[in-house]
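Quick one: the structure is below, questions incoming.
Think of it as A, B and C in the order they're written, each chain with its own count starting at 1.
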Amino acid sequence: MAEITLRINGSAETLDVQPQVSLLDALREHLGLTGTKKGCDQGACGACTVLADGERINSCLALAMQYEGREITTIEGLDHPLQEAFVRADGLQCGYCTSGQICSAVGMLAEHKEGAPSAATEDLEAAEEELSDEEIRERMSGNLCRCGAYNGIVSAIKEVA
Amino acid sequence: MRSFSYVSAPDVESALTAIASEGAKFLGGGTNLVDLMRERIEQPETIVDISRLPLTEIEELPDGGVRIGALVRNSHLAAHRVIRVRYPVLAQAILHGASAQLRNMATVGGNLLQRTRCLYFYDEAAPCNKRVPGSGCGALGGFARNTAILGTSEHCVATHPSDMAVALTLLDATIEVESSRGTRRIPIADFHCLPGETPDVETVLAADELITAVELPPVPVARNSRYRKVRDRASYAFALVSVAAALEVEDGVVRTVRLALGGVGTKPWRAREAERVLTGTPATADSFRQAADAELAAAVTLPDNAFKTGLAQRTIVATLRQLTEGSPA
Amino acid sequence: MTVVGAPIDRVDGKAKTTGAARFAAEYALPGLAHAALVYANIARGRITALDTTAARAVPGVLAVLTHQNSPTVKPAPKVSMLNLSTLVSGTQVNYLQTDEVHFDGQPIAVVVAETSASAKEAASLIRTEYAAMESTVDFAAAEPDAKVQPNNPLMRGEEKKGDAEKALSEADVTVDLRFTTPPHAHNALEPHSTTAVWEGDHLTVYDATQSIDWVRSHLAVRFAVPTGNVRVLAPFVGGGFGGKGSVWAGTLLAALAARATGRPVRLMLTREGVYRTVGGRTASTQRVALGADRDGKLRALIHASVARTGRVGGMPEQITSQSRHLYDAEHILVRQSLVELDLLPNTFMRAPGESIGTFAVEAAIDELAAELGMDPIALRMRNEPAVNPMDGKKFAHRMLREAYTLGAEKFGWHERTPEPGSMRDGRWLVGMGVASAYHPANRFAANVTVRLSADGTVLVRCGFQEMGMGGATAQAQIAADALGVPFEAVRVEYGDSELPMSPGAGGSMQTASIANSLLEACEKVKHSVQALAKRTGGEGYEDILRRANVPHIEAAVGSDTRFGRIAGQARFMTNFLLEQRRWVKAAAGVQFCEVRVDRDTGEIRVSRWLGVFDIGTVINHKMASSQLRGGIVMGLGMALSEETLIDPRTGRIMNPSLAEYHVPVHADIPPIDVSFLDDPDPTMPLGLLGAGELGITGVAAAVANAIHHATGNRVRELPITLDKVL
């Protein structure tokens, strides 16, 4: 066990963890922040997506100790128009992937704003591609939704972008 | 996951000191190693966290090349303007791998060390010569859709899963490593090993060596380059076949060509035979096909992966055709 | 003012978009311990040695439970139609009670520890030796030995009209085809999770289940306590699709671990654990043979399937179900056969039977149309029956003609040039395909209470399950209209076995089942209010209740006493059988698909989708559209990429992972245009038919037909991966 301090949603949280504890388990099991979900624990579904210094990551593959000193934002720390847009566009059903979808979309919009390309970007030299449906779908493909709410998620993101 | 002790290294020197302990492993982005530890395939006794090392710069070199710190995140590399303009194949390869979240975590050095996605490697109950030398190969006679057709041995048919490494192979990147014995520079072609009789040995990297940087030489032809990845869904899946290609055509004749393949080789596969056959021939679909066939003549297939020979050939032809259309005539 | 039909936002949307919604593994009970499972890795045999020394030595480990030291658990009850909760057991294996192994993946030990990390580490240190016994795990090898499925009260294993084989041999134009479909996994994003706590002989479980009431009955039997001592809570369930319809090992073992340690225990299965311990959809082989006159009139329709169950459980899938109702063939033969394998039993997965059955029959119809040189829609309309083809029973509601007409127009079917390979767009070969969707409609008994308060608010209580279908929103809409109150005045309580008994969420029956009782309860409330008004006067609920000095009026439908439940179930069975004799009821529709196939690589992209559906009255257009889209998305996975790989040498699932089992991602899914005919079914409450399963049916066929149109290739083997198209 080791004592670490994580910066979560703007506040410092001190906790005792074993080195093998992931950031995801630290959030869910040690800090009671269960809004971040575990779907696969192997980086294959995106349900555990959180923002680290504003960048989206899979918290299941992040060891908690490795993220000491980084600014972590979870769904509980978000107050973003996307959240209401998801409800309006019905970009969710069971709700289990939703936190990850929303955190991922927040990170994605920031990436796009900074001009980051995606696999759907045809012209890599162009300064900024428009955020087309195809771009949104490619950029959000790291977040599975088994209920199949993909259309609604894309609509919600377009509404806010 | 087995328990381990954790050391965070503030600088290269302390990382190299910490790695000397028995059973120690470096941890970069964690996207592959943490998963493998959870699957009990990797069981390090000590984790040396190198993610805070100051190896995160992308520098343009005087000769027109680029030096990439080993801890540059995949997403940052792909978004870098110089890479996008001079080496689009590399940006595309990275962007076709994994997901945005994983690319934000994964490092350049770690990507080179990704381990195979062979189903039998991933299952501790299955025989696998890579995981447990001498235990046999479950993929032979088993599910082998995602296995290799080039560079295989009777002991192992596992593919190297990286997209980025295929592009780096195309670009003749050099990998800089450091250890307590000093620095050495390894051409990427020599970095990954064929399985032969020792599929557990995947690279020439010693256990105590740290990748510190990857250098790209100037590759003018790479300005007209592409990465084409064919997979079982539209995104977020490993390659069945991928093609990295760079092409320069002058007066309808192939002046310079570089070609590398993913998803089909036991290591990132530079298609030198195809390059040799193609250089100096007319830039036509026929020539492309002949070049692809020349490379794939060495393919050894299993019932599950036999389709990859034809798929690789057609993907090579399609990618070169696309580059021909984009190439200044 | 009607709210039924309105596209109201789901009421739990905020809880789900802020992270506030709590799922089964998210209850931080005081003293909570964590459990992890160890799985057998042989298909059949006995455990000869089990070394837990290293596991017990891991700091924080509280207990390692195996067959050598587990508390006693009663065996699963035998299946009985007199007590339908006996259907809920996923397998008949009594875990940790004997040294026997019945399938690869069977849990053989549970570790309980202070943290999940310690539990998992300890689980990885358990060493087991086995004496393997001969096993049958290879579906393809066993298939020739399949036996015709015995009849059950819901469906006969074989049905005939006339002599279909003879008619086939005499028909002008025939197709006689073999289709195969692989095993599938639900992959609800929430892994199966249970938090269990015992207080004396009282058990509370927070469980990821779509079957609250039956889980409660089942746990009571297994742990030998009165049913009333067990409480099951499932306010939010992270997707189910049938995979959470049964009691699987995780739920039982969490309760067992809690009992053995005296601590509240949380067990969240790993993704691998879900694959190893929760059944999925059976593999199938199907023969569809069709014989027709030159003008397209069907003379013979044969649909014969082979599927599998497990030696320790599983259920037959109604693969030929839709083939009994879709086409007016003169001679029909349907037959379902089964093999029994030493594998984790199969289970319900979204439209069990029809999802894969519609693939075969609707692809075969397309092939027959091509043989006849007919448009596939024209061929279907040529054979659209007026009454149920098998026996002349009436259709309760049948609007396939209307669905095809509207769909063809909206999709632009007339722009399709019939010749395969004739439509191109650059490097893409473009194809358009169509298929029918079909799913039987039913309802179960449900108990509901409705309370109207003097402040004008309404509380609806029913222990149903919410996995994303939007049950609370839909039932609030129904209650609002039934009572004539604003939608916002209605609150719905659900997801708790303490509430009036709801049937499980399955068979697309939940909404209709509850609506039926809810409407009746609302009527009772209105009658009571009217009676009050006669006595004390007043206008409007609030006024009447205030004048009468009555704080609230409550009405109940159904009784949760033991006898009440038996009576309810008997009423249901009687009603079900009577209705089955009178009507053929179903939701139906049509799926239109446009695909693009890369001419070089065979990569398939679905570029456009349109569905027109008859689900009777639509309660909430927004949520119903989402549910249909969800079915279509899962159908696209089934069509193009999904397959559970079971190694025929070992019976072991080799891709127990979301990385290697490919469910569709965002990039795979085009805009999906969903329309409803919105015409009430006269035999169902409010005229509504279920929407949960219909969407997946017909999808794989529409894709396969479109791929044929694009490329000229017929692929009869799912999933249709690019190598099969090249």
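Observations, loosely collected:
Keep in mind that, in the parts below, a residue touches a chain if its C-beta (ideal position, glycine included) is under 8 Å from a C-beta of that chain, and two chains touch if they have at least 3 such contacts.
Given the structure is predicted, the values throughout are model-derived calculations rather than measurements.
When every chain is represented by the mean of its C-alpha atoms, the one lying closest to the mean of all protein C-alpha atoms is C. For this structure, the chains sharing the highest number of C-beta contacts are A-C. Remark: subunit A and subunit C have CA centroids separated by 29 Å (rounded to whole angstrom). Between the CA-based centres of subunit B and subunit C the separation comes to 41 Å, rounded to the whole angstrom.
Along subunit B, residues 1-3, 234-236 each make contact with two or more other chains. Residues of subunit A found to touch two or more other chains are 18, 20, 41-43, 137-138, 141-143.
In subunit C, the residues that reach two or more other chains under the touch definition are 117, 121, 657, 659, 664-667.
Contact residues on subunit A toward subunit C in their complex (touch as defined above): 18, 20-21, 25, 28-29, 32-45, 47, 74-76, 78, 83-84, 86-88, 90, 92-99, 102, 120, 133-134, 136-138, 140-154. Those residues of subunit C whose C-beta lies close enough to touch subunit B in the complex are 41, 58, 117, 120-121, 124, 427, 600-603, 605, 640-641, 645, 647, 649, 652, 654-655, 657, 659-660, 662, 664-668, 721-723, 726.
Note for the complex: subunit A touches subunit B at residues 2, 18-20, 22, 41-43, 46, 49, 52, 55-58, 61-63, 65-66, 104, 107-108, 111, 114-119, 121, 124-125, 137-139, 141-143. Residue ranges of subunit B in contact with subunit C, taken from their complex: 1-3, 40, 117, 119-120, 122-123, 125-126, 138, 141-143, 146, 230, 232-237, 240-241, 307, 310-311, 314-315, 317-318. Chain contact summary for the complex, subunit C toward subunit A: residues 9-10, 12-23, 25-26, 28, 34, 115-118, 121, 186-191, 236-241, 268, 270-271, 467-470, 622-623, 625-627, 629-634, 657-659, 663-667, 669, 671-672.
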